[in-house]
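This report concerns only the one structure given below.
Going by the order they are written in, the chains are A, B and C; count residues from 1 in each one.
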């Protein structure tokens, strides 16, 4: 029998451990130590402290791999893996969580729902994501997904006095449970076929199975369905618009960015790693999902008037683009996925941040019409929003272009011309609805609303997101190199 | 032979109970149906020679959790909720879709030869007092990590349910 | 100073200017604060382009010193770019190999992959700039004309709100335009391509309180998206074929002989070229995507001059010329390019014949002239296309700025029916516009003559050319001369037709506007003399610098074209002289024709000039007259034999009017096409989106059961996928 909780195990678990520790600490502080509502604001610093330590632990993992020049570190008898890929994705989670924590501060104030649990739950959700990025064992991954999902059910319904928020949480919960059933079925079938829950063992077993094995096919379908649901890809996307619209805006940002990235991490690890020999089985399905996501996401976004809903549909289409990298499946595609998710974290959070910062008492700021004439009201917000939208639309020289370019490049490299053409055409469609917003901001007459006054949190958030969106677009080399280290093979 | 008969009996209990749980209007009936379903599962565990799980299932789920459920249902007046229509008119469509997908799955399982597998693979004879030791070994060694993370999951679920239940301030 | 290595600074100056304007401009321009509150009220008073309300403000030319700072910084940034461009081009001329690349850093890198031809290639796109003869022509045009237009705008926009915003966008535009032309690869070119589109969008809608302005901006944007999709697809196809998107590398591969000219049929290269050309039709306003340009005239006039005449709209021509190696391998696509160019040229020229809005005439004229450029490019005479681009930048910018000066003088009036007799009131504007009109009409000695005549000759004689297209070009030339002189006569000659308040107010524009006009007029006269026809062998070769300068870029085709010209040429010097004479004669004839119609008729009928509101009725009467004349002519043709003896002045007049009716009819037809087919297509797309999103909305009911059902169907689909296979 192997040794019980070795130092390696500890080292590889440390970031998650810290996140769980700080998450629980915040919950307890909230309850016992800081009962006064005014004091609860300080909890955000504990959250940021937790993120700092988690980030530090991640950095130590990164240094360790670099110093030892080993590609990966395995722990918990193949239950966890620390490699460039997991570190990259965890870095995305840290960035997303920090941004979300910062931008939540003001939002919760405005909504009058300032509760310590919020920050605690953000950290605990991230803890779940850690196991998605690093887990190499089915049960761990499944529990990680559930930890993340359950946390999000709560976060989506965090505005208890808001009926839409409650409704969104309920829908997300019900459909999430539904999809988890499929995922659990898929995982159990994989176990049934191979007799192991550990990915390396499963991969070794599966490599010897014929591609036509119906049992394996069933396992692939159900696993894929469960994960595509979490990614928000069509036709399993139905929850997304309602959940995005109803959720508190920072949670929407977190959901669309981090939750998506975490699920993509599992998809990549499973389908490009373990199930790679059976590509013939899953590639057509993924292609169908991609085309449906692009079509439904883009065309539905055209007719939306609610910004959060519009961004929800756009995030469905972004899921489509990201999955294209999975279809290409070469190193460029993988780099593309990593860059896309990284960039998406900043540009999408930035766009949501603008919405939050425009939010005032008695005004949601969620409608396109609420942005009318923003350039006159608060030019800074308008320019920032334009930047984020340009980036989401993939217009150079913003970061979004780099992300899309890599995805397209990988498709061209692997000869998927039809998909590349389809995706390029949908870029043109997507620019149309992003520019409806730009038009409202720049060319429509100003409404009666007051100029927005960003707080310190929003200022920091803007600085980080805008800088990243521009800098990666102009000089993507460092992040490409960083993403390069994340490659699985 | 007897095993097979018992298997089908328990399976029927499980599925029938589950269907009844979601179709009964009355919360009380639903809860009772769920107990039947859980009993069926317990029986299946027993057939697999997993006596410990069988005991846990009976003691914890049926004896503990479900009884608590029943108490709550009796204490809280759920008549109001029960009278509201729980289903919309899409049930037929839903049924067709479910049957269709279910049929596809069964067809696939069948063509994989899983369904026709003889049920007579004898479970390994239990060593020692049940298989608690083996289970513990698995849980606390091989699956230590998910086991611990699961506790976090439960914590979050509790926090969530408390939050949802708490009256808005 | 080594300007060649500093070419990356050329786009950066305008960027710095734009950043200054957009970030701290508000503080420099105290009036800018009030523009939101003021603008709608002013717009109500003045319907025209020049809605800033300077009618009140005239006479008080006192602006705060800070505002003068804006008027200094913004053109100053362009001037710096111009100086650096001049330095760089001068140094480039002294190099043996006329090409200089400055790579700042690697922008995007890929991994080695196999191209469609099987060669192993690694993709990289640099943030790199390429200065070669082609891009040097472009940067000089952009910075020179851009600078003059900036100076002009300081006067023109003096009374408009949002001064700083305007110059910020304008500088930003120049930045993107310079990036576009200096880029050394398609990806960076695309960055500039999208950037100029964005700035154009913002500037068209600058008078945001005018709904039509916002709609026009939107139309421009949507139409350009179609083009962009084409561009992207072309770029990716090119990448998959050649393994690179760097201009020098792509041309190298294409010229290396790996690919053969697709003379036999429409192959993958032709498709690639076609996709790129679709991109070009969007940006350069060609059929079927030209519709946005006339509407884009809703923007301020300096914007029309800079973006929608001199620079941005030529980006498509530039791109096709840049991809000349590709187009020379694809004769079928080249033929399409030429055909589309010719069709656009004649279609929009016919529309321009009947427009009454002074800027719309010029807008359709621009579309038509761009068509000429594509005709030349399609015929394989790339240098001529660029030559026309270059001369056109002078005279069309001049004409737009001149029209802006007219509008300025007319207190925002754009309808030429309410103008007239402005010749003596705004003499500088008149003189400069006179030069521009002569130049565009193709009168020998001025810029337009040299380039247009060369296009016609190349289309006639080059191997890729066609006689039919030549005739179309010739007819277009006649139309061009006609509508330009119709414009001139309606605006500057005859009787004044404006109301008294406006008439009292007519004044020459300030020096900031007239000086650029004068310089551009000088340019319109002189610019053509570096590209005189080979036929004029009495002039030394230095008069043909332009072609020789561009030779390194179009090496292969220059040789071919020279060969072709040689075949058809030397022996037929007489033919070439004859054709030249024909086009000049046609131009002069068209001018005289315009004079006979507009000059004379309007003098004869003074009531028309006095009764402004009655004018529409008069117009209708005139229309009926046309039908009458048509019937008369028709009858004449039917009974031609018997009426032969009465071949008098009336009949000739009738013929003239009949021709007028015909052109009017064709332009009505093309307007109809414009309205119903093109606009219809845009609307159809929106409608399709609505229809398509309907089932989605039907399911997206908010019912969780429906969502689960869709989920389940998705699972069924996935399961059934393999089952069926």
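Annotations
To be clear about the criterion, contacts are C-beta pairs under 8 Å (C-beta built on N, C-alpha and C of every residue); 3 or more make two chains touch, one makes a residue touch a chain.
Just so we're clear, the structure is a prediction, and the values are computed from it rather than from any experiment.
Distance from each chain's C-alpha mean to the overall C-alpha mean is smallest for A.
Chain centres were defined as the mean of their Cα atoms; on that basis the chain farthest from subunit C turns out to be B.
With centres defined as mean CA coordinates, subunit C is found 44 Å away from subunit A.
Averaged C-alpha coordinates put the centre of subunit A at 32 Å from the centre of subunit B. Centre to centre, using the average C-alpha position, subunit B and subunit C are separated by 71 Å. Multi-chain contact residues of subunit B, defined as those touching 2 or more other chains: 105, 108.
Subunit C has residues 706, 708, 713, 715, 719 in contact with two or more other chains. Along subunit A, residues 217-218 each make contact with two or more other chains. On the side of subunit B, the complex with subunit A involves touching residues 105, 108-109, 111-112, 114, 137, 141-146, 149-150, 152-153, 155-157, 159-160, 163-164, 166, 168.
The touching residues of subunit A, when paired with subunit C in their complex, are 167, 170-171, 174-175, 178-179, 182, 217-218, 221-222, 224-225, 229, 234-236, 238-239, 241-242, 281, 284-285, 288, 296, 299-300, 302-303, 330-332, 373, 375-376, 379, 383, 390, 395-397, 401-402, 405-406, 408-409, 412-415, 417, 420-421, 424-425, 427-429, 431-432, 435, 439, 442-446, 474-477, 480. The residues of subunit A lying in touch with subunit B in their complex are 1-2, 4-5, 13, 20, 24, 27, 76-77, 79-80, 117, 120-121, 124, 127-128, 131, 137, 139-140, 142-144, 146-147, 150-151, 153-154, 157-158, 160-161, 213-215, 217-218. On the side of subunit C, the complex with subunit A involves touching residues 22, 26, 35-36, 40, 105-111, 113, 123, 125, 127, 165, 187-188, 190-191, 194-195, 198, 201-202, 205, 208-209, 213-214, 217-218, 221-222, 225-226, 228-229, 232-233, 236-237, 239-240, 686, 689-690, 692-693, 696-697, 699-700, 702, 704, 706-708, 710-711, 713-715, 717-719, 721-722, 725. Interface residues of subunit B facing subunit C in the complex, by the touch rule stated above, are 87-88, 90, 93-94, 97-98, 100-101, 104-105, 107-108.
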